[in-house]
Amino acid sequence: MMTRDEILNWLTEFATLVAENRERLSELDAAIGDADHGANMYRGMQAVLAKLPILAAADIGTILKTAGTTLVSTVGGASGPLYGTLFLQFGGTTVGKMTLDLADWTAAWQAGVEGVTRRGKAEPGDKTMIDALVPAVEALRTALANGTSFNAALDAAAAAAEQGALATIPLSARKGRASYLGERSVGHQDPGATS
Amino acid sequence: MKKLINQPENVVVEALEGFALAHHDLVRVSLDPAYIVRADAPIRGKVAIVSGGGSGHEPMHGGFVGQGMLDAACPGAIFTSPTPDQILDATRAVNGGAGVLYIVKNYTGDVMNFEMAAELAGAEGIEVVSVVIADDVAVEDSLFTAGRRGVGATVLAEKICGAAAAAGRSLAEVAELCREVNAQARSMGMALTSCVVPQVGKPTFDLPADQMEIGIGIHGEPGRRRVPLAPVHEVVEMLIGPILADLPFRTGDAVLAFVNGLGGTPLIELYVVYQEVAKLCQEQGISIARNLLGSYMTSLDMAGCSITLLKLNADFQRLWDAPVHTAALRWGR
Amino acid sequence: MKKLINQPENVVVEALEGFALAHHDLVRVSLDPAYIVRADAPIRGKVAIVSGGGSGHEPMHGGFVGQGMLDAACPGAIFTSPTPDQILDATRAVNGGAGVLYIVKNYTGDVMNFEMAAELAGAEGIEVVSVVIADDVAVEDSLFTAGRRGVGATVLAEKICGAAAAAGRSLAEVAELCREVNAQARSMGMALTSCVVPQVGKPTFDLPADQMEIGIGIHGEPGRRRVPLAPVHEVVEMLIGPILADLPFRTGDAVLAFVNGLGGTPLIELYVVYQEVAKLCQEQGISIARNLLGSYMTSLDMAGCSITLLKLNADFQRLWDAPVHTAALRWGR
Amino acid sequence: MMTRDEILNWLTEFATLVAENRERLSELDAAIGDADHGANMYRGMQAVLAKLPILAAADIGTILKTAGTTLVSTVGGASGPLYGTLFLQFGGTTVGKMTLDLADWTAAWQAGVEGVTRRGKAEPGDKTMIDALVPAVEALRTALANGTSFNAALDAAAAAAEQGALATIPLSARKGRASYLGERSVGHQDPGATS
């Protein structure tokens, strides 16, 4: 079970992580060229934080959707539409809810990952965040089917995401799309914050 | 970091304010969301052309807004594509009822944000067609994003399509023209130095004093290869070779040659580069019928250049010669 | 040394070749002696305007040759004034029988070489008047040469006098106008980095990573003082303060503000500078009625900027607005 | 006594000195800013050297005048008109001569220095090459009046020039025209080559 307050805390925590790792994220992005990922995500998550007060009474769907539109309209770059879509889809499947059970949470992530895949046109193995997200969703689904507890399911998802990200390492040099490093750092934090 | 700026996070908005003040005769500027439209927008019945991308490439794209070129430009953060709502607001501001063409450089972020904006504009009943420019022969599949990067051909496509829109062509025609320009243009760039992103404060990559990077993009992406410094005639050969081979350009072709500086390159060097380009083209029996020379698509303070060749046809050439009146490009009337 | 060049001693001639090839519609170029004249020179009955100076300041002066501005430009070696025979040949090529104005920046070498050329031209019966531009408030008596250096006002004087000559004014009138522009304009510049003279191969002076030079000239001459890096609003205050105080400019004045990049300065920074200039002028009740923004008078690859203010009157403003069509400056028709 | 061959040798020697000291001259010039003096003088003296073969049969006046016009038309900057004028004036006073005695040589230098003063509008004490040239001419005149030998007169002139240049050192920092270093180096070589 996850309450709206926990969702708000989760967003705040994610914003803090981004703020703390801002320079590191840009440095990792510099490896593929433009050194802006830290500034982009920082700008976006600060804007999300600024919206939280007016969301104090809102339902989870509204909170997550607002986070999504805010990311889309403040981040830009590749990460704006992708993170934005993820949260927009989270919000779309959780409209009106004040708590989420494991089934809700699994559905939200499933929709989120589908949205990101549609928007980014990346497939598993393409060396994008999809490689971390897809195994995480699989883990959530398995947990749901097995009746695992909410917290154990989140741990399993985080572990699966981490493994998925690690599995892209060898692809990195070979395929050369090299989004790898930026991916991995963000991919880690995201499910990490989730659990 | 040596830059004429205040707070790094305010560079884009302060530059935009400066642009608005300097060019109030040509454009109207919205700061939030950030976009630049020509002063007389919207033009009833004319196809509107919207472009945009990360900042740090000045004068692109804001300097190309005006009569005969772009109707709107959407500047994102430094090296970061603009957001859908910037693009959507700009689209609304310039839509003259004849549809809107988005000219998008091929980077994942640009493509996705313009795509989202197009969906939102479409939902409002504004007809939008996007054309993606991908002319950089330095990459087959870029390190940076899927497919070739969009570089110098963007400037040429914006000028040529702007003239076609001004001449009253339909959205479908202008979009098709844009695809043709993209199909007939090839570019490649090189860097003598890296660039410094203001919010990072140090060079994106380290380039030793005796090395240069061949096949660079416009955001400090890694090039095709790193080589020792060489005389400019060898440098130009390294760029022109892949360009000529790729289209391929052939003896008897007439081309538009665009020699572009990357922001930290003095003009005197671009003239030396142009002289080498002209020499090499002549050796291949290719005639340079038109040229553009200057720093039009930059990469912050990077020193280096890019070369774009566009194979001309009568239509391209007529549209290139048509009047243009923007902050950065002006001729005819 | 990181430059897009071949042999350092060939930079000037190769750049000139590139210039000739790129702008053959606007100019004719002689390589030996080196000079650039407008394609339709001489214009019968029009006062001809000739300028020149060391190379390394591109687009000045070659980029200002054309309709409504200069009739000829004489590029010397890097940072070295042209020789009398270059100037004399250019003078002969553009003399349309109504006399010739030399616009000379105040440097010992420039003044002496133009003086010798004027004597030679005079001996051939060509009427020549020289006006020396000296607008740099950074120096009372320069370290470099007697009196103030000629900097940004040169560009403005060439444009305004070019328009006056095109309008049919006499040599005496155009020369007097040139002196007035010089009298009403003040400039000051600063450098973030030094520049590298090709034949020397290393920076003319060492400027630590945390320092900048205020009151710099355009050949790497020492500035008024060396200070720690500061936000651009403070930098602009350091330049605008002496400029405003010197003329002095007063509340209610209308000015032309010229924000100039020194060669290695990206355009985005110049827009930030312009925004600060506009803010400071507004605070003083000075209105910027016209502006020019770009890298028009450079110092090789130096990063930095200069600011010029010209107190406008109706005549200056009308002549500024008059059509100009050169490689570097274009408007009207 | 100086013959036309000695004049030709003197020019060649001066060109060699300039070529050898090219970088040093530019470095000294860099102290006042534009770092071009070495390149300028090198370009000029190479052009003079290239003219020497066609001057093999010429008189001294023609040789020196040709050197002057060549310097004027190839050097530019401040040094072109100044060195050019110096040699043009040398040539003007030695038209038709195949040898020079001390009176000829003194007259040539006197005219040269007057020309340079007229062109450059510098006065003694202004910290220019004038400060080296004027004492040198004085020394030649004294030698002539005293009936000193040609070679001794040249030595005296060189010494006077050197002293004159040294005397400008304290002015340097104070008056701040700072042409000093470039001056001094050139001032030294010039009479140095003369003797």
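Residue numbering begins at 1 within each chain, and the chains themselves are lettered A, B, C and D in the order written.
Quick note on the criterion: a contact is a pair of C-beta atoms (placed from the backbone, for glycine too) under 8 Å apart; a residue touches a chain by one contact, two chains touch by 3 or more.
These numbers come from a predicted model, not from an experiment.
Trainee: Need the CA-centroid distance for the pair subunit A / subunit D, whole Å please.
Mentor: Centre-to-centre distance between subunit A and subunit D: 78 Å.
Trainee: What whole-number Å value describes the gap between the mean CA coordinates of subunit B and subunit D?
Mentor: 55
Trainee: Return the distance between the CA-based centres of subunit A and subunit B, expressed in whole Å.
Mentor: 32
Trainee: Multi-chain contacts only, two chains or more: what residues does subunit A have there?
Mentor: none
Trainee: Specify, in ascending order, the residues of subunit B that touch 2 or more different other chains.
Mentor: As it turns out, subunit B has no residue touching two or more other chains.
Trainee: Chains as vertices, touching pairs as edges: which of line, ring, star, complete or other describes this one?
Mentor: If you draw each chain as a dot and join those that touch, you get an open line.
Trainee: Identify every two-chain combination in which the chains touch.
Mentor: A-B, B-C, C-D
Trainee: Touching subunit C in the complex: which residues of subunit B?
Mentor: Within the complex, subunit B contacts subunit C at residues 2-7, 11, 14-19, 21-22, 55-56, 58-59, 63, 192-193, 209, 212, 229, 231-233, 235, 263-275, 278, 288, 291, 293, 295, 298, 300-301, 303-305, 330-333.
Trainee: If you look only at subunit B, which of its residues touch subunit A in the complex?
Mentor: Residues of subunit B touching subunit A: 9, 33, 54, 76-85, 107-109, 112-113, 115-116, 141, 143-146, 197, 199-200, 204-205, 217, 219-222.
Trainee: Using the touch definition from the top, list the residues of subunit D that touch subunit C in their complex.
Mentor: Those residues of subunit D that touch subunit C are 23, 26-27, 30, 32-36, 38-40, 43, 72-82, 119-121, 176-178.
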